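Before anything else, here's the structure in question.
Order of writing sets the chain letters: A, B and C. Residues in each chain are counted from 1.
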Amino acid sequence: MKRAHTASSAVCLLAIAAFLLGGWEHPTAAQQANDELDLVQIRPNFYVIAGAGGNIVVQIGPEGVILVDSGTTEAADKVLATIRRLTPLPIRYIINTSMNPDHVGGNDKLARAGLSILPGAVAAGAGLDDDLVSNSGRASVLAHENVLTRMTASTGPQAPPFALWPTKTFAYRLYSMYLNGEGIQALHMPEATTDGDLVVFFRRGDVIATGDIIDTTRWPFIDIKRGGTVRGELDALNRLMDLAILNVPLQWQPDRTLLVPGHGFVYDKLDLLEYRDAVTVVRDRVQDLIDEGKTLAQIKTANPTLGYRSQYGAESGPWTTDMFVEVVYNELAAKKGKTK
Amino acid sequence: MRRILLTVSAALVVSSLAHVEAQRGNPQPPRAPRAAAPIDLTGYWVSIVTQDWRWRMVTPRKGDYQGVPLTPAAAKVADAWDPAKDEAAGQQCKSYGAPALMSVPGRIHITWQDDNTLKVDSDAGTQTRILQFGAAPATANTPRTWQGISQAEWLMPRPNVPLQLRPAERAADTPPIRPAGGSLQVVTKNLRAGYLRKNGVPYSENAVMTEYWDVYKRPNGEEWLTITTQVEDSMYLRNARLVAPVFKKEPDGSKWDPTPCSATW
Amino acid sequence: MNSKLGFVALIVAVTLSAVPASAQVDFTGTWQRVGQNDNGASREPVDLLGMPFSPDGRAKALSYDIAALSATERQCQMYPPIYALVGPFPLQFVMVPDPVTQKLLAWKILGWGDRDETVIWMDGRPHPSKNAPHTHGGFTTGTWEGDTLTAVTTHAKLGDIKRHRGFSSDRATLTYRFNRHGDTLTATGILEDPVYLAEPYVLTEVYRLTTNPNNFPLTACEPIEELPSLHEDPTLVPHYLPGKHPAMNEVTEHYNIPLEAVVGGPETMYPEYRKKLKDKYVMPPPCKEGCGRPPAPGQGRGQGQGLNQQGEPPAGGRGAGPAAGRGAAPPQ
């Protein structure tokens, strides 16, 4: 009895103290652990993992998990942990939008953690090692054949290791499949940022993973050494314009095609339009200056990216504004004689 | 222990009831306006001219009344605008009267003249407005001036808000509602007829101006002042003229630049 | 027994101190725009007066060709939130209560014509990730400061901040302050944009509570093939090359305002800029058109214009209806 009395008195005193000190203010919540990856849900069964290198699209359904890209090797454990928080179902496919290290670096670890959708054994006498067909039971890694060609041809310390190579490729315009209730099309975008670029179109979810064809943080990185061209990049952007649908006629509704870029925030068609226009305007300005007889140095001084420089430009780093202008110039100057 | 509990509980009840009574608006003992000020208007403030630019930063051309709901009588007066004549008659301050002054690009310096009076100096036209709390209304013999007689009043926010009034499910780590804030209301009459704009758009001596002065102190330290200004003039305005010029606080008066009135610039 | 009495007394005391929840100030209703600030009703295509653009913002504005609006994707584009202080729109406030507690969950400013609605979340929820999709209206949270509502919007799309004469990027942040004084509401908008603005762009507007609203609710929009050239070649992007905007000098020609002021920049907002203008400005001849003269006696009301509470069109022809050519339905 005395104990209960003491306890109730203590509770009263604590309550009074709390009230006097600030009412019923909740104590400051403990900060959640910052695991550096940003998980954004864009559809009921679609997520984007950002901060692991390139953006990773995660599509979840009854058959398992489809990933578009796999981030960097260093972030693979965190990516896997993030996926595991979403679902225990196995990763079935990784589709690479290009050969860029920050998009393929997690191929090995994430594929190993997955489970092939294909049967393990291959008919005897077929002459095929079942590892080639089913990736030793791991998730398949799909890319355009040019990605594999480039990877196998690479030498030196920058060469991607075998473990990161795609296990399934195609050389034609598109590769289609139906999984998780989704029609999935991997569309080759020739000579865009590279000659191995894919965009992955999830038709039911109306989500397009664009890889580095769109990079909201900078000018598209046209990798001319690996077959990238400005013309191909613009063709790719315009093709994406055809694929994407805006939220009309009810423009206040949220339903619309979502485009997940290689880096940066999730786009819709209107954002894509601005990005496409920015690249086109710079191309037009450089063309105009070439037609006036200006040299590359003069063109750089004229600053043809003005209006977009602080949005997409960089003054230092691996891909600067001047580098982008130079790529545009070289391509247009080389064509100049043929168009007139 | 039991006595403590009962005493404290009783105190809580009493304070709660007092809080409710306060919220019902029962008057507390009055404090002087300076002490009671819910916002701090003092300091140097600079006009930020993003609105009505071509009617404020330059002298607009004669006959351009866009944005002012003039009566035909007012248009007639404005059509007769003659700045040289105004200068010759010593009336170059006509466009610096109270209804226009806060829209003239310049700086204002606000201080307490005494516990009941705010003083607003402007470097443009070297004018001074006196905002008197509890001022007596003008009589027939009170001379009309460019700045008129301004009666000021604090508009107080509701009393400190208990945390129970927080919006639904407020996140635990978001900052609490700040109970500060309030506005200054100023009503100005007894004006000498002047110009709402430098190109002769008139207001009459019957004009009455009502202002609400609101301060916004941002988390980054910036302070902004918005002066909602309503001018009513049955002779020269079809409807109330409503504008809201904006000022930004400056750290000191180093840019203070007194310039005399001008009828042309 | 006495300890129980004390405990009960405490509970009663605490309960009494919990007053029913309510908004600080009630904004519910339609607030008609009655202010006469000129926030964007310019006739000239190049008019960036007083806009604190960065070099990028200025270049973006000067490259803009209004033919770009005819692109299918832009015809149904909605204005960004700052445009509530620029366009003729009223502000229609609706309180959204929490379904269980009935406490204030959000204020909603309903959409109007081609401006998206704004939902001001009052429950302390955080803004979305920087990687989340953007919308026309963005994402807005609000707090009370006394009786003033402060709202912050992020995640809005690129859009006009002065009708076809300047833009905010998708990285802009808009801070709104709503001050109610009786039946008068003053909205102050502070727009910050690391891409297009060198300093904050601050606008104000004054509204009055009305029982005779000029509401134009959001309506469906169907794009049409407006410019054949854009549909024959959808890769075309209308824009003006640097220095080649055909209307660059119109403000200078009409009002004698030097071009350096017309193209904006932060210094043009400050009073000391008048010193730079003084020797370069000569007052032009008297106004002949677009002067804002009072209507002649017996003149009819303007078509499709916003009307004030006296049922008159705003002075100077402002308050025009939504932009033509966007496929929007006419006002009802």
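Here, a residue touches a chain if its C-beta (ideal position, glycine included) is under 8 Å from a C-beta of that chain, and two chains touch if they have at least 3 such contacts.
Remember, it's a predicted structure, so these values are computed and weren't measured experimentally.
Enquirer: For chain A and chain B, which third chains touch each of them?
Expert: Joint contacts, listed by label: C.
Enquirer: So which chain is the furthest away from chain B, centre to centre on CA atoms?
Expert: A
Enquirer: Does B-C or A-C have the larger number of C-beta pairs in contact?
Expert: By the number of C-beta pairs in contact, the winner is B-C.
Enquirer: Approximately how many whole Å separate the CA-defined centres of chain A and chain B?
Expert: 53
Enquirer: Where the CA atoms of chain B average out and where those of chain C average out, how many Å apart are those spots?
Expert: 23
Enquirer: When the C-alpha atoms of chain A and chain C are each averaged to a single point, how far apart are the two points in Å?
Expert: That pair's centroid distance is 34 Å.
Enquirer: Two or more other chains in contact with one residue: find those residues in chain B.
Expert: Touching at least two other chains: 1, 5, 8, 12, 162, 164, 171.
Enquirer: Which positions in chain C are in touch with at least two other chains?
Expert: 3, 6-7, 10, 14, 17 - these are the residues of chain C that touch more than one other chain.
Enquirer: Multi-chain contacts only, two chains or more: what residues does chain A have there?
Expert: 9, 12, 16, 19
Enquirer: Please give the residue numbers of chain A that touch chain C in the complex, ascending.
Expert: So the residues of chain A touching chain C come out as 5, 8-9, 11-12, 15-16, 19, 38, 40, 42, 48, 50, 55, 234, 238, 241-242, 246, 248-252, 254, 258, 264-271, 273-274, 276-277, 280-281, 284-285, 288, 302, 304, 306-311.
Enquirer: Any idea which chain C residues touch chain B in the complex?
Expert: Contact set of chain C toward chain B: 2-3, 5-7, 9-10, 12-14, 16-19, 21-22, 24, 34-39, 49-52, 97-98, 101, 103-105, 122-126, 143-148, 150, 175, 177, 179, 181, 184, 186, 188, 190, 200-206, 251, 255-257, 261, 268-274, 277-278, 281, 283-288, 290-294, 296-297, 308-310, 312, 314-318.
Enquirer: Provide the residue numbers of chain C that touch chain A in the complex, in ascending order.
Expert: Going by the criterion above, the answer is residues 3-4, 6-7, 10, 14, 17, 54-56, 59-60, 63, 68, 71, 73-74, 76-78, 111, 116-117, 128-137, 157-158, 169-171, 194-195, 218, 220-223, 234-235, 237, 239, 241-242.
Enquirer: Once bound in the complex, which stretches of chain B touch chain C?
Expert: Touching chain C from chain B are residues 1-2, 5-6, 8-10, 12-13, 15-17, 19-20, 23, 38, 46-55, 57-72, 74-75, 105-107, 124, 155, 157-158, 161-162, 164-171, 174-175, 177-183, 185, 212, 214, 216, 218, 222, 224, 226, 228, 230, 238-246, 248, 255, 257, 264-265.
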